[in-house]
Amino acid sequence: MLFLLRRILFYLAAFIAAATINFFLPRLMPGDPVALMFSSAGSELPPESLEALKLTFGFVDGPLWEQYLTYLSSIFTGDLGVSVKYFPLPVTDLLGRALLWTVGLVGTATLISFALGSFLGMVAAWRRGSRLDVVVSVSAIFATSIPAVVTSLVALFVFGFTLGWFPTGYAHDPALDPSFSLAFFASVAHHAILPLVTLCFVLTGGFTVTMRNNMINLLGQDYVVMARAKGLSDRRVMVWYAARNALLPTVSSLAIALGTVLGGSLVTEVVFNYPGLGNTLYQAILARDYPVIQGQLLVMTAAMLVSNFLVDVSYVLLDPRLKGSG
Amino acid sequence: MGQLLIGLRRNRKALVGLAIVLLIVLVAVAAPLLTEYNPAGRTGRPHQPPSAEHILGTTRLGQDVWARLIYGAQTSLAVGFAAGLLITVVGTTLGIIAGYRGGKTDEVISFLTNMVLVVPNLPLLLVIASFVGQAGPMVIALILGLTSWAWGARVTRAETLSVKQRDFVKAAEMMGEPQWRIMAFEIFPNVFSIVGINFIGSVIFAVITEATLEFLGLGDPNVISWGTMLYNAQKASALSVGAWWDILAPCLALALLGIGLSLLNFAVDEIANPRLRTGGRLARWSSLIRSGEGRL
Amino acid sequence: MSDALLSVRNLTIDYIGAETDFRAVDDVSFDVAPGEVFGLAGESGCGKSTIAFAVSRLHGPPALIRKGSEIRLAGRDVLGLDKRALADFRWREVAMVFQSAMNSLNPVLRIEEQFYDVLRTHTGCTRKEARDRTAEMLTLVDIRPERMRDYPHQFSGGMRQRIVIAICMALDPKLVVMDEPTTALDVVVQREILQRIDELRRQRGFSVLFITHDLGLMVQFCDRIGVMLSGRMVEQGPSEAIFRTPRHDYTKRLWASFPSLKGGVLG
């Protein structure tokens, strides 16, 4: 438990670090940071809203540390300011709505590709050198080395525009209002397939390679050889002796991979015009809507930290050596 | 180091990967010889499909896609290698120092490394790049270099920890060599394959990320690169108006470069980690089994 | 010869390389009688483990057992077993203790589980029956049966090695191969474990193929010894004879390199 507590403190520090970057960036840029941050293309804020925004982002009269504390306290009270482009919509509302779609997309894609990649890596390593292994590892290399933006664009071109199998934008049929109806869910699923498959394509290869390498390094371990000497079935040795142990380092690489996952999903959402964080952010970038851009970093970081924590917890559950110790 | 080069010469993946990368480099360098068009200028009617005149068609502004592609390769390669080098230098230096010095130094560097690893990279880059405004290629390379070294630092540190225990390092310490000399001349050559993997991986990352940032509208749209080609094509709704060549050309170029570099990376990994190798001996083993020379 | 439990004839094993092969075991023949302890001695890298692996057919690429080799256990042709027969043969006939005490047990499975999978595979018993058998086996090696619910990392190195030995006994095999079973342990624990093995052997009557670097242990523990030099078996015979009247030059040098043995450990 101490282990998890230490991790939580570390994540808190990481979150504050991200906030600190947000705080200093506008102040490091040449020119007036207030003008830079809140006077984006064309829109003019009412003076009292501008005052509120300045307070939120710590632009108060006083020394730097006072400004910094003001900013941190607004973040920790959940105030991320308002969008300049969609004034007066609060950033939290704007991002919160988008986050739902992103979490759904990213969560599903991560689970599918982690399971699929670990499975493929396991089988490839077990039958190392076979034709299956060659096919799996070469396709894994190719899949990981192609940028998400390329995969998304090609998938959109082939399956969306040319074959017309899937819609080319949005999360559901705009004619349907969100409801708990079968038609609505079917529409959501239909719209999600292409971005989901694309993301899985981008992600699976990495997990495959990691699992394969970990597994190959484990196959010479005495306990794996002993399992074979015990006359256990190939499947039992492969899954419960080799893969089960190879999964531990693979799970910890999952934590690092999550950054890539989030990055990949940003791009995929933009290409498929999917209403998640990526798309919201894209609009914000085009309009230089800084409160939203900064808020996005905090939300993404928080999402990443929460996922990392979940990974930590599952690591503890998977490795008996960590349970109850220290 | 020498062993690595010999291994690379024998590895088929390495050769194919190297051929692809060299081909792209060659095309980029020879760009002025390979097209008569000015990549920035209007050279035809907008959105013309590929033809003898414009082998990859034209953009919405009537620019020649092939000319933009091969001039753009210069930018993508330059950013990729510059940022890759910067990432590797920072990561290797920090990794070796942390691993070798240990103690407080290690704690500080490792804390920093882990911190950078849990802040999602692309969102961070987006924030930084958006404040920079329209970032030119070299600014992008610099930002990448300063934010993306953590993975390399972590693996280099781990490798350093094991090299540090070896006899020749202990011997050098006994002889009273200064620390920086030990790190530079004893440790560094022995973590070289990790550094190689880190470098190639970082180049891939940099090429991909530069293209992504530009695609998302954070680059300077007047620069000619594969990323801005994607950005302009996307803004011109190239796919919905049926001008697929405008978008697919940079897509395929990026994919090809990525595949070439990854093959190289995979090969280095295989050579550095013999257990991953499958190659010639296994083929020979299988043929001996098949011809009944022996069994398991 | 026909009454031997394990009979190895002309065993030749290569590690296949990209261009040239490495001959790790070269035309080795020896017998192990029922109830006998046979020792394999020789310097590091001479091919002892390679032989041990071959007895349970544990090798994977790039190892290759050359044609003409023969391994028989209780009359059965081990190299001719098909997949099913091999799975059945392993552990029921030949069990094995590996070089490192720390790593022979799967760190993520409870001890109980590591008994259960072998028992279920070979005897198809229920979990309850397996638990009883596990308790019985653990008692044999002086480990409290309650501890079967624990994970390997909760035991000391010596205990872990005793657990492995208990797992070996679970199916009452005819032969136990021990590849340096005590290398990772300290001297006192080593002695304890070997004594325990010796008692078990007397009670249960299995044979042992014993491999170690420690010649002192070897002479004490083995009935007969085979001495290996870079893949070849240069001399074999009763321990007494090998120790007192070695014929091969290499054996003499081997003994000479262990001054402590001169005092006559056997006495």
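Letters A, B and C name the chains as they come in the text, with residue numbers starting at 1 for each one.
In the analysis below, a contact is a pair of C-beta atoms (placed from the backbone, for glycine too) under 8 Å apart; a residue touches a chain by one contact, two chains touch by 3 or more.
Since the structure is predicted, the reported quantities are computational estimates derived from the model, not experimental observations.
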Chain-level touch network, classified as line, ring, star, complete or other: complete
Pair with more cross-chain C-beta pairs in contact, given B-C and A-B: A-B
Distance between the centres, which are taken as Cα means, of chain C and chain A, whole angstrom: 51
Intercentroid distance (Cα basis), chain C paired with chain B, Å: 50
Centre-to-centre distance between chain B and chain A (centres being mean Cα positions), rounded to whole Å: 22
Where chain B touches two or more other chains at once, by residue number: 282, 286
Set of chain A residues in contact with two or more other chains: 129
Multi-chain contact sites of chain C, meaning residues that touch two or more partners: 61
Residues of chain C defined as touching chain B within the complex: 14, 16-19, 57, 59-67, 69, 79
Chain C - residues contacting chain A, complex: 56, 58, 61, 86-92, 94-96, 98-100, 103-109, 117-118, 121-122, 151, 153, 164, 167
Chain C partner contacts - residues on chain B that touch it in the complex: 279-282, 284-286, 288-289, 292-296
Chain B-facing residues of chain A, complex: 10-11, 13-14, 17-18, 21-22, 25-26, 29, 36, 128-129, 133-134, 137, 141-142, 144-150, 153-154, 156-157, 160-161, 168, 213, 216-217, 220, 255-256, 258-260, 262-263, 266-267, 270-271, 281-282, 285-286, 288, 290, 293-294, 296-297, 300-301, 303-305, 308
Chain B residues touching chain A - in the complex, by the definition given at the top: 114-115, 117-124, 126-128, 130-132, 151, 204, 207-208, 211-212, 215-218, 230, 234, 239-240, 242, 244, 247-248, 251-252, 254-255, 258-259, 261-263, 266, 269, 273, 275-276, 278, 282, 286
